[in-house]
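The next block holds one structure in the form of structure tokens; read it before the comments.
In this document, chain identifiers A, B, C and D correspond to the written order of the chains, with residue numbering beginning at 1 in each.
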Amino acid sequence: MRLSGAVRLPEGRVWDWLPLAIIIALALAGIIVAVIITPSFLTVDNIRAILRNASIVGIVAVAMTPMTLSGNFVSLAIGQSAMLAMVCFVALVGDGWPQPLAIIVVVAGLIVVGVMQGAIVATGLNPIIITLAAGAIIFGVVTEITGAGIVRTGDYLIGWGSGTVGGIPIQVLIFLIFTVVVSILMSRTVLGRETTLVGANRATARISGISFTRVTILAFVIFSVGLAIAGILNGAAFNQATSRSFPNLTIDAIAALLVGGTAIQGGHGSPLRSAGGALFIAVISSMMVLNDFSTGGRLAVQGGVVVAVVVLLHELRRRREVR
Amino acid sequence: MPEEAASTGGLNGETAPPLRLGVRRLSKRYGNVQALDSIDFELRPGEVMALLGENGAGKSTLVKIVSGLVQADSGTIEIDGKPASLYPSARSQAAGVAVVHQEYSSVPTLSVAENLVLGQKGIPPIWLPRELNARARRLLAGVGLDYLDPRTPVERLSVAEMQLLEVARLLVRDARILIFDEPTAALADREIERVLAVIKRLSAEGRSVIYVTHRLPEVFRLAHRVTVFRNGQSLPPRSADELDVDAVIAMMLGRELGTMFPARGSLADEPLLRVDGLLAEGLEEPVSLRVHPGEIVGLTGQLGSGASAVVQSLAGMLPPLAGRVELKGVELSLRSRVATLKSGVAYCTADRKKDGIFAGRPIRENLSSPWVRAVSSAGWISGRRERIRSREIAAEFAIDVKRLGAAVGALSGGNQQKVAVGKWLGTAPGVILLEEPTRGVDIGARAEIYQRLRDLCSAGVGIVVASSDTSEILGLSDTIATFYRGRMIRILPHDEWTEDALVREVMHQEDEAPAEAGEAAS
Amino acid sequence: MKSLKRLAALACAGALVAGAWSIPSADVKAEGTGMLEGDGKAMVMFVMTASNVYGANQIKGAKQEAERLGWDLTVFQHNFSQPEQDAQVQQYIASGAEPEVIIFWPWVADAAINAVRQLSRLAPVIQLTQEPNEQSWPYVQAYSGANQILIGETLGHMMLQAREAARAAGMEFKSPEGNLLIFQHPEGEKTGVERMKGFLAVTADEPFNIIHTEWGPNSPETGYQIGSQVVPKFKGQFDFLFVSNQQAANGIIRALKENGIAPGQDVYIVSGDCSGSLDAVKNGETFGTGIQPAAVEGALAVRSAAKFVAHGRIEGDVIQLEVEAEAPEAENTPPAKYNYMPHAPAIGAEGVANTRIWGYTADEICASG
Amino acid sequence: MFAHAIDRLRPYALPLVVLLITWGIIAGITPSFRGVGSIFAVLEGFPLVGLAALGLAVTIIAGELDLSVGSMAALAAVVAVLTSPTGLVPCILIATLVGVVFGAVQGTLIGYLRINSLVFTIGTLILLRGLTYIASDNAPIIIQNITITDPLLDRYVVFSISSITAVTVFILAGLFLTYTRWGREIYAIGGARNEAIAAGVPRIRPLTVSFAISAGCASLAGALAATRGGSAAPQNYADLLLSGAAAALLGGISLYGGRGSVINVALGVAVLTVVATGLAARGSTAYLVQLVTGALLLTMIAIEFLAGRLTLRDTILGAGLRGHTRGPEDVDSQREG
């Protein structure tokens, strides 16, 4: 039993970083195993492929972290929102809009859609139901408007989506930048601090003059920006979109976030961890593809890994918090 | 009552009955902390034994061992003269031990009847509502709740009713050793009466009671004997009649309590806070108050008396219906907590765990939560300035500065409360509002908190304390206002009050305006 | 409570009356009506959701044709789920409807046998898109739709042409016959198996060296997700790619480019069917794709059903429709056992531009809903 | 007495009104959705979505959420088909049993580890799906002797064997939850976990039981659908979680636990089925059904919210609304020595 009221604690910081350290250690262990059994694993091409694969899920998981931190659980409209961004971006560019303008409009539009959900959630209603309903509505409306067809950029091809900058794929670069920006936002700014505190205890936050409404809306704004980026990136790479884009994104992003160790109840976690979670899953996935795992094998291993990691992280946190 | 009389109090005159509970040389260690160091403890049949001690003295560890939540490292336990093993809790329950927790263990969504059988042994696997309700009615009658419909969801009950329901539940188990862990902490005086009456009745029936509390007056009204724990060790039990408040406190602290309430300073002439005709939900009549720099104004009354409503309204948590409030000559907007906070109103709530601290977050973040904007520029937190300032506060409140990175939830209740109060220092508040500032806080930390509040006063801050603990109000305040059923009854300087007068006014037992009060109630 | 019950009873009674009134009168089907026109009679169709390009096109084609022939067509769509389709079939049968003829696309042919059995008790069943298997043939009158083996053959021919073109362009193969990497339909899907059969048959004389078969991609995202992991593994080892459909190919092309492989130069890609953006075909990144006109498939299904109603029997084994620019008049003859829709290869921008099947352009067929 | 009866009916008022209105509208605009046929059609929603919603609702009442129901149904479907040579009833029972055992283990682990079920089951959601693919060898599998499934295709006025089974399970679950010790423990632990445990409710058993029910219901749903369709495919039932959750929520099950009953679930399933089959019977597109479901959910929340704002306590919706004041988030912070 870990019940003592007086166990000496080490300085909190170490324990804050420990779960992350463990994920990294596990990922490293995974890489070592992978290298041993897969000769082509450590090639530049494969590493780049892993990073690329982790990018979109990573951006979304990072974008959702403030929402989870603030005690608003997760969105169940992830795939639909990203799809909305992708379809809009491709449609606008295909309609002859200049790309920067299209990007601004898409980001702004997604923020509007996100803030609408955020405003409802901020009144105290359950985010899971709200986003579940919002996702169904977004999907229905977009499918209706596009007539279920493929939206294309047509004559206005966008090349940069799969380009590289200095050898680094553009989506990896954006993933990196976005992670750093959101991490700094969460750890170094007042808004970030308030987000975590609201998630840790909403009532105390209110007494301390922290507005739940403001924090929730901010979290939905960051979420929307991240999803807009994900949608635009994929739009710019594929030059086409349908209302069925991003079929698995919702589950993948939530899994990445949880594997990263952000507490689902809020008040604990960081965007950096979510990014780590996305990378970790990408490494496992790549390892299995390279070793010719069957569809079932891949899913079973991935699911097993998710279960194992979240249980491990949970136990670690429990050891730290329960006294 | 001499000791001999107490021992035979509820019994039939036998001279040496076996102890209901005998604990010898019990020890328990958590990590490198010796929570219990070879303590002895005894409980006679039909006896109410008060268990006193500061937080961390080992009371709750003993309660946990007796109730079977943890296992002792060494020592023996006997029940009715026979060696007993009380771990795990199922065995403890089978031996007739039952605990009334500080936090209620009723489920608000279930009915009273269901709560009564929840978790009980010997209840058939299939529940027939009719039978259940009939059984519940019998049990409720035993604790003076015969007027309750057993089908009522518990969430509609008052706090005292829940507490009594809790007791009723234990009676189902035919518990012979009842442990009350601060049962009255959240109750106002009148409700306490009901609970104490029930406890007296239980002991008269021959049940033994261990009564854990921080409230000394109750001890003398209820307990036959008193056991004091200090630093994991036990002092021999003493008959309650031999003791008085000062003696008990001396036993708990191991020193005389001369410094519990710090000396008062002198007051300025100009009021800092003017409250004129304030009316809010929970208040029947407008309230007017003055708080001077360096003054502590104590508001006291039972639950629902309006004392809390005044504080909450001033804090911006309860929108006012009428009235004008001025702070330092400027009108104070009470529309939102954000607005009052900006004007320099600090507010410490009654329920620390619920809305006083961020249990999972580090102490430093807790301390800086209300003033983090002040150590940031353009939204960027300066980690250095935050650290410096939180260290200052921690040092002032005797919080271990090396542990500022640890989660607040890991601290003892007293230290948590120090964080909950201390964080407001960083906001350079003009007025500090506190509700029940020392609920569930051990006496050592209590004295420290009182001292800090006085220190703040000498720095020119005005303080408003709402508390149902009349001795606290009397010892701490410069000016005291009494509240009853939504009305402020009287406001006078502290030296014009006596504890007796205060209690009587809060209980409202005087003859004045009973009709009025009756109206308000209806 | 009592009044509530009464209200419910009233509502039920009312609904019953309304329901009885709305049931169409039953009529004779033994001999066939002799005419293709439906005169407003009920035809019902169970297909996948219109939120997918292929599904949307198919439904559009079917609806237009039904309107032309005067049939009252109701379409039930499932969301890529056999259990959901099963439930729809149950509920449809339960509703007491009496359709003249049923067009049924079992989402997983092997998994829809009971559904077919039940439908066949209600009205003649024309199966669509997925060919009936041995167990379901007793309950199905005729098949109408894509010829997966033919699609495989078309693919094979295009792949052979691609090899010629590559040779002509001076490309050096990693093996004498050229190394082929295959991205198939999801593992276990019958469509893929049959196409492979056709492909192998056509290329039997001059086979490719198949180095790996990867399963599953069916959208640009999944194509990219799987492609981006598989391409680095086989980088420098393949000359040709066979991709199940153009949707997936669009994702794989992205993965190729990101790995520094130029599709259309370093590697030649052929995709099985065209559902997806054709831009990659037009700009040469994909050598060629099979044009599988879903709208024609839908229209043909309605025709086959109408023909069966008109004649009450089938005649002959196979009718393979050829590619025609404009929709031919529906012939008033019995359907065959297998009624195959036309399928055309489209190679390069020119191929795409020249494609026109039953009045639809390639872009209309492949990319718009 | 009368007041108490009103009290008990209160939580059903809103979903019942919504059901009557949607049914009215849909039947009004859809000629083929009237009469006995429509009642049969709605009842046919219970074997699949209904059972999944029921299982989910039990975990929601316990203050948890089982995300793995879709994958569990798929695995059970495969198991049922694989064991179909043993006969119709045995194979359904075996598949359900597999689910119950898995659910019991999952619930026990969640209780033992004190881990958030959302976090745990998102992993098992993926894991079970993988196992399903492995069990079915990555391809759809069919029942060899298809005639054993014949009894499932018969219809008895408004019932089929499947819907009778489902309705029976609903009734049994309702009785279990209301009148048994283990059932009330689920409410207790969902309504106020720490309080319930302090009162002597075992920490783990209610979770074991509720997750066993959840997985068992999902498995029965999968097995019934598979045997009726004569086959199972590993990719099936991915949408079951969403439609099940939507049905439970539409019926008025509070996400905060401890509230709601089987009747709520039944009403929710009926609403959802009326919308889905009613619109489908008109030939409406599948995504329109999604859109309408989403809009219904939002409307329902809006009504509850507004009604709650107007009169906080004694409205017809009050009971459902009060649940929103308690969040599940402080469960962890309250656990201390």
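The definition used in the following text is that contacts are C-beta pairs under 8 Å (C-beta built on N, C-alpha and C of every residue); 3 or more make two chains touch, one makes a residue touch a chain.
These numbers were taken from a predicted model, which means no experiment stands behind them.
> Treat touching chains as neighbours and tell me the shortest step distance from chain B to chain C.
2
> Between chain pairs A-C and A-D, which one is joined by a greater number of C-beta pairs in contact?
A-D
> So what's the Cα centroid distance for chain A and chain C, whole Å?
Those two chain centres are 35 Å apart.
> Distance from the CA centroid of chain A to that of chain D, rounded to the nearest Å?
Here chain A and chain D have centroids separated by 28 Å.
> Using mean CA coordinates as chain centres, what's the chain A-chain B distance in Å?
44
> Two-or-more-chain contact residues of chain A, please, as numbers and ranges.
3-5, 139, 143, 148, 201, 243, 267, 294-295, 321, 323
> Quick one: which residues in chain B touch 2 or more of the other chains?
60, 354, 359-360, 409
> Enumerate the residues of chain C that touch no fewer than two other chains.
49-51, 186-187, 215
> Kindly provide every pair of chains that touch.
Chains touch in the following pairs: A-B, A-C, A-D, B-D, C-D.
> Would you pull the chain A residues touching chain C in the complex into a rising list?
Interface residues on the chain A side: 40, 43, 45-46, 48-50, 52-53, 139, 143, 146-150, 152-154, 157, 161-162, 164, 169, 234, 237-240, 242-247, 285-286, 289-290, 294-295.
> Using the touch rule from the top, collect the residues of chain D that touch chain B in their complex.
On the chain D side, the touching residues are 4, 179-182, 184-185, 187-188, 190-192, 194-201, 258-259, 322-323, 326, 330, 332-334, 336-337.
> Write out the stretch or stretches of chain C touching chain D in their complex.
Checking each residue of chain C against chain D gives 11-12, 15-20, 22, 49-51, 73-84, 86-88, 90-92, 94-97, 108, 110-115, 117-118, 135, 186-189, 215.
> Report the residues of chain C in contact with chain A in the complex, numbered from low to high.
49-53, 55-56, 186-187, 215-216, 219-222, 224-226, 228-233, 235, 250-251, 254-255, 257-259, 276-277, 279, 366-369
> Which stretch or stretches of chain B touch chain A in the complex?
That would be residues 30-33, 35, 56, 60, 64, 69-70, 315, 317, 337-338, 341-342, 347, 349, 354-362, 365, 369-370, 372-373, 376, 379-381, 383, 402-407, 409-410, 412, 423 of chain B.
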